[in-house]
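Two complexes come next, and they have one chain in common, chain A, joined by chain B in the first and chain C in the second.
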Partner chain A sequence: MPIPMRTSLQNLDLEAGRDLSFINAVAKESGQDLKSCYQCGNCTAGCAYTHDYDIPVHQVMRLVQLGRKDEVLSCRSIWLCATCQACTTRCPNNIEVATVMDVLRHMARAEGRAPERLVKTFADSFLSSVARHGRVFEAGLAMVFAIISGKPLQDAGLGPAMLSRGKLAFWPHEPTGNGKREVAEIFRRFHEGRPTSTAAATPAPSTQPTEENAK
Partner chain B sequence: MSALGYYPGCSQSGTAAEYDISTRACLKALGVAMADVPDWTCCGSTPAHTVDHFLAGALAARNLIQAETAGFSRVTTPCPSCLAALKTANHRLADAADPGYRAEVERLLGRAAPGPLEAVSTLQVLYEQVGPQGVKAHVARPLSGLRVACYYGCIMNRPPGLMAFDDPENPVAMDELLTACGAEVVDFPFKTECCGAAFGMPRLDVMRRLSARIIEMAVSVGADCIAVACPLCQMNLDLRRGQVNAAAHTDSRLPVPYFTQLMALALGLPDKDIRLDKLVLPFGPALAAADEREKAREAERAAKAQAKTAAKPSDKETQPCA
Partner chain C sequence: MRIGVMVCHCGNNIAATVDVEAVAAAAREFPDVVFATDHMYACSDPGQKTLEQTIRDLKLDGVVVASCSPRMHEVTFRRAVERAGLNRYMFEMANIREHVAWISLDRKRNTQKATDLVRMAVEKLRVDRPLTPKSFDVQKRVLIVGGGVAGIQAALDCADGGLDVVLVERKSSIGGVMSKLDKTFPTVDCAVCVLGPKMVDAGQNPRIALHTCSEVEEVSGYVGNFEVRIKKHSTYVDWTKCTGCGACQEKCPSRKVPDAFNENVSLTTAIGIPFPQAIPKRASINAEYCLKLTKGKCGVCEKICPTGAIAYDMQDEFITEKVGAIIAATGIDLFDHKKCGEYGAGRYPDVVTSLAYERMLSASGPTAGHIKRPSDGTEPKTVVFISCVGSRDRSLNRPYCSGFCCMYTAKQAILTRDHIPDSRAYVFYMDIRANGKGYEEFVRRAQEEYGVEYVRGRVAQVYPQDGKLIVCGADTLLGRQVEVAADLVVLAVGAEAAHGAPELAEKLRISYDAYGFFMESHPKLRPVETNTVGVFLAGACQGPKDIPASVSQASAAAGKVLALLSKDKLESDPQIALVNANRCIGCGKCERTCPFGAIRMRELRDGSQRAEVVETVCQGCGICSVTCPVRAIQLQHFTDSQLLAEVNALCRTWDETTE
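Moving on to the complex of A and B:
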């Protein structure tokens, strides 16, 4: 079901909602020159997901330039981006737009915002499976997700076809050596958190905003 | 070339087993030496980078360390998502201007990050190391008459700076390899359109709409099948076809083999190396359509030749009257 697009840009008070530290944090985390976006709209033109976005990707870029943190981090679009890289590939100014969308998702996560709850749940379930087994256990992931999502029957019809073709492994294919333990260690250190302020999992650093980035 | 490591990836030991089986068989038959990256683990795939770039980097880098320790100078994987994860980690670790990335990845790994190690798709290995001419020389059972839509998926060639192979908008490597196998590759405008990726579970409605467009396009250009190079694309277009058909009010049965299965078929490899039986939508109708097309062409050629020989004497007879 398509979500009606917001028309927030028409009513912006450019000064009121401008968060300079947000602009700088997105620029720093993504490593992208955000101000070079001149709103040509090529990213949106090639975006396979724009039909389902509440804010088209070129407008997300504009809102980031304007420092509209609240609108950006609460939108659905950043969760519905599949990182298909069409935007990055076609940007005439070589901005890695998909990387910016990724960084915005990290920031929304850190603030506990996820309007597309199931998209976040899917990523979390996937990574839990990897943390537990060292590799993703597809059947286990599907079952866990079916339960957590509250849509247990959505993919139930796929079971027989997978079973009869030997595609449904009942046990995880775990790595044979130290792999499983080493992956668990990576996740343990990740959850311990980063000692530096560059952590995307922690709130964005409030570095001194520069006029150059804010323009 | 024993320095080529093979990273199968999680899907290839589960839902995409036939991709792994046929890939290994093709490499072997075409004389490409490789060995598995020992004790490999998940690359992190899309979920990892959507959560944290350092976590994604560490999960991928662990496999680069495994490959490096085993003495491989290059690592290949059939899966575009694994490829993107391995390439991204490799690329960012090599960036001297970004020491913070290496430091945090090393903290997560608990040891030194690996040195630069090239990651390439198995499609690229087949294209560059064997090439269309090399494949052609090994074809035992040409895919004559089979009309194939080559579908590369969204990230096999994108972003071009990172993936650094073929054209990002109109890739041709698979087209050329399958043409060398005798197939008739059709013009397919949606080669790199997104199939809905991992939204099958969390947003089935979104995934169905995107996969439906790709299937509809393949049908409209007259393809007998859609050849794919990605386990997620394959799952969306094949296993989830019933869901796609139900939403799009269509009844398409167009099969979706991996390009390596088509190659293995052309190379005359045994069924156990191709595993077309693992596809949800049966491949038989595509082969039947190809055979029928070839027979019709042959009959047409024979009829033309007959008409030509039959026409010759009558030409002579009518000449004096002219």
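Moving on to the complex of A and C:
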């Protein structure tokens, strides 16, 4: 995957470009003390995906400290993060860096930004599978994702091997008892909007591509 | 009685949130108050002059100053009162700054509380009595705990000033961490060449009594008259006979003993002298590994010793020393690098601590000054230094900067390039702390002259691959992950308080911080004093320090001790417990409860018992006073009637304001 160059290397106006409400929102949502980051770089040093990132994770943290909302929420890194928690484990200041990345991804999505369309598509397909069946139906998910992503055969080669090892089933195995109804209830409550203040930050998952990721 | 009151503005510190004029006006209405005024700075020279003049002019019997904490200026005002001819205990201080002005912005209620505090002080002063301090003799001797460079320097300075010194060191030789170093920054001169002469001086000075293999067991007494019980651990060698010839060490068959002096890089014998320049140069036996002591057979050293100094049946010994002052100079230990599992410390032999590396660099070290990989003995060509291991790391509960690691890392990188000219040295760092004289230039030299590669970023992990150690880090200046295939990895471990430091602090009755470092009395203005009079601090036991800072502080502490013990007699504080023999029923509860052993029982002619306070030992804590069932024992200046006068005043105010 080619690493796109960041285009925003022009002079930063530290005062004018500082979005204080963004800084506070990230701190509140993540519950992390963002000011305690002293840029040692240990999160980047341990990151498993930094080679595909457009902004290394320690610089994401720095941009958050400086309140550069646009740059952070439009970056690809927050979508490529695998939440492996290596950054969290290594951080000498006990910051849950992976949680911060997670929060940023939520915020980006709430604003209709998802520069990594496939990651978002996969998440949507996964959730709609869970909504429909009460738990994920792997074979169905793989097929839906393959079609939506426009690369119908990209993972087809894995199918036979996984089938033979019992990792894939042809039919969804839905939860027994009330399980399916309870899961559906979770989705219903979510679609009605959460009663807490965080409701605005994360709207209902939409299967419709937004303006941003349709580009 | 004629009482004067002065209410201080303290610039804006108090006046901004307290109506000081109103407080003074209210004070004029209090009983016995004949004069009350406010002043911009009561502690200033004009303030004190006004106070003294008023006392003389109005023939006052006592004074209340409402200002800051007594910790700040009680002594100042007591002196002023004394200059004006009053007893210094006919003075009370109401703290309307820390207890009022600095904690609330509510001007009305602040003014009310300040007035209340002044009223309480006035009521107490009305029942205060003059007190006179007594003087007592002092021991012109000093105990120094710890024989590192700080302890040695303090000992030499005190001895130079004419004091007898008792120097106690836990290890078998003095010298401390510095004696393990090869070179020192920023001059790159030989550490033991500069320390050695001081060690020899300390060993030979007739005024310095050296107790190595010893620890402080118990401390009692008070400034001028401390009594210290010292435990001398058995060395199993009679040091009056041992000549330090080293024959025992050559023949000892127990040869698999980890060499603590060499940071366990090599092995040594169960009997021996830790290093060639050791002072005193005497052999001792490591009982854990000695075959004679563990299995009952061997005895080679006994046979070989030309002076018959070996004594397998030697026991620990206790001695008691009387001293007038104590200097704590217990130094530091290094952070346990094994806590950093991601660097493979303790698992990969070629990941070593900076002090182990220092031993490898030293000509008298286990590799005779040749840098060798512990795993295979080959010469490393790529050496990676990792900074801040156990420093500036909240996740390891070590949030502080150890201060000296940046510098010794630069030194070790330079020495690496010196020892192995075709080597490469990398330093992973976060920030470079080089704020001493010539330090920044030294770090620049490492980079510019010696070509040491500094990489700005932390290291996430180290793992072995094909005989190399792969160091995975970040270069935050580039925003990229980087890795180096290293032959040897050196961890720049930080400082932590010496083991046992908190226990010693409790014996000395001094405070220590959350990490075990001893607390100075004031971080800026009383940096070598502690809150226990007569106990001083030198070196890194107070906080991580490099050699120049440790030596400076040691000389400063010695100066303080010399000033203290230059007096033949010291004054005791009269604010101590006093027994009313007519009331005392001789129950002995106070004797049992006193934490300082300051109360003893005295038999009268009729055979009955009475308690008696040893004035110089009493610390004025007041525990006896609350224990006494018949109120026979009273703390002077804080008697029941004086405290109740304050409480009554407060209750009356409460009545008035709630009516």
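The working rule: the second predicted complex is superposed on the first by the 186 of 215 C-alpha atoms of A that agree within 3 Å, B and C clash if a C-alpha of one lies under 4 Å from a C-alpha of the other, contacts with A are read in each partner's own complex, and residues count from 1 in each chain.
We take it that contacts are C-beta pairs under 8 Å (C-beta built on N, C-alpha and C of every residue); 3 or more make two chains touch, one makes a residue touch a chain.
The shown structure was predicted, so the numbers you read here are calculated from the model rather than taken from an experiment.
Engineer: Given the touch rule stated above, what does A:Asn93 touch, chain B (first), chain C (second), both, or neither?
Structural biologist: second
Engineer: With both complexes overlaid on chain A, does A:Gln59 touch chain B (first), chain C (second), both or neither?
Structural biologist: second
Engineer: Return first, second, both or neither, reflecting whether A:Val119 touches chain B, chain C, both chains, or no partner chain.
Structural biologist: After superposing on A, A:Val119 lies in contact with chain B but is clear of chain C.
Engineer: Once the shared chain is lined up, is A:Tyr38 touching chain B (first), chain C (second), both, or neither of them?
Structural biologist: second
Engineer: If we overlay the two complexes on their shared chain A, which of chain B and chain C does A:Arg135 touch? Say first, second, both or neither.
Structural biologist: first
Engineer: If we overlay the two complexes on their shared chain A, which of chain B and chain C does A:His51 touch? Say first, second, both or neither.
Structural biologist: Both partners, chain B and chain C.
Engineer: Would you mind checking which one, chain B or chain C, touches more residues on chain A?
Structural biologist: Looking at chain B versus chain C, the one contacting more residues of chain A is B.
Engineer: Show me the chain A residues, by the header's touch rule, that chain B contacts in one structure and chain C contacts in the other.
Structural biologist: 51, 86
Engineer: Spell out the part of chain C that touches chain A in their complex, as residue ranges.
Structural biologist: Going by the criterion above, the answer is residues 342, 388, 392-396, 430, 456-461, 472-476, 479-481.
Engineer: Where on chain B is chain A touching in the complex?
Structural biologist: For chain B paired with chain A, touching residues are 10-11, 13-15, 17, 38-42, 44-55, 58-59, 62, 66, 98, 100, 104, 107-110, 154-155, 158-160, 168-169, 192-194, 196-206, 209-210, 239-240, 242-243, 277-280.
Engineer: Provide the residue numbers of chain A that touch chain C in the complex, in ascending order.
Structural biologist: Those in contact with chain C are residues 36, 38-42, 44-47, 50-51, 55-56, 58-59, 86, 90-94.
Engineer: Which stretch or stretches of chain A touch chain B in the complex?
Structural biologist: Interface residues on chain A, with respect to chain B: 1, 31, 48-49, 51-52, 80, 82-86, 88-89, 96, 98, 102, 105-106, 109, 116, 118-119, 121-124, 126-127, 130, 134-136, 138-139, 142, 145, 149, 154-155, 157-158, 161-162, 165-167, 169, 173, 175-180, 182-183, 185-187, 189-190, 194-196, 198, 200-201.
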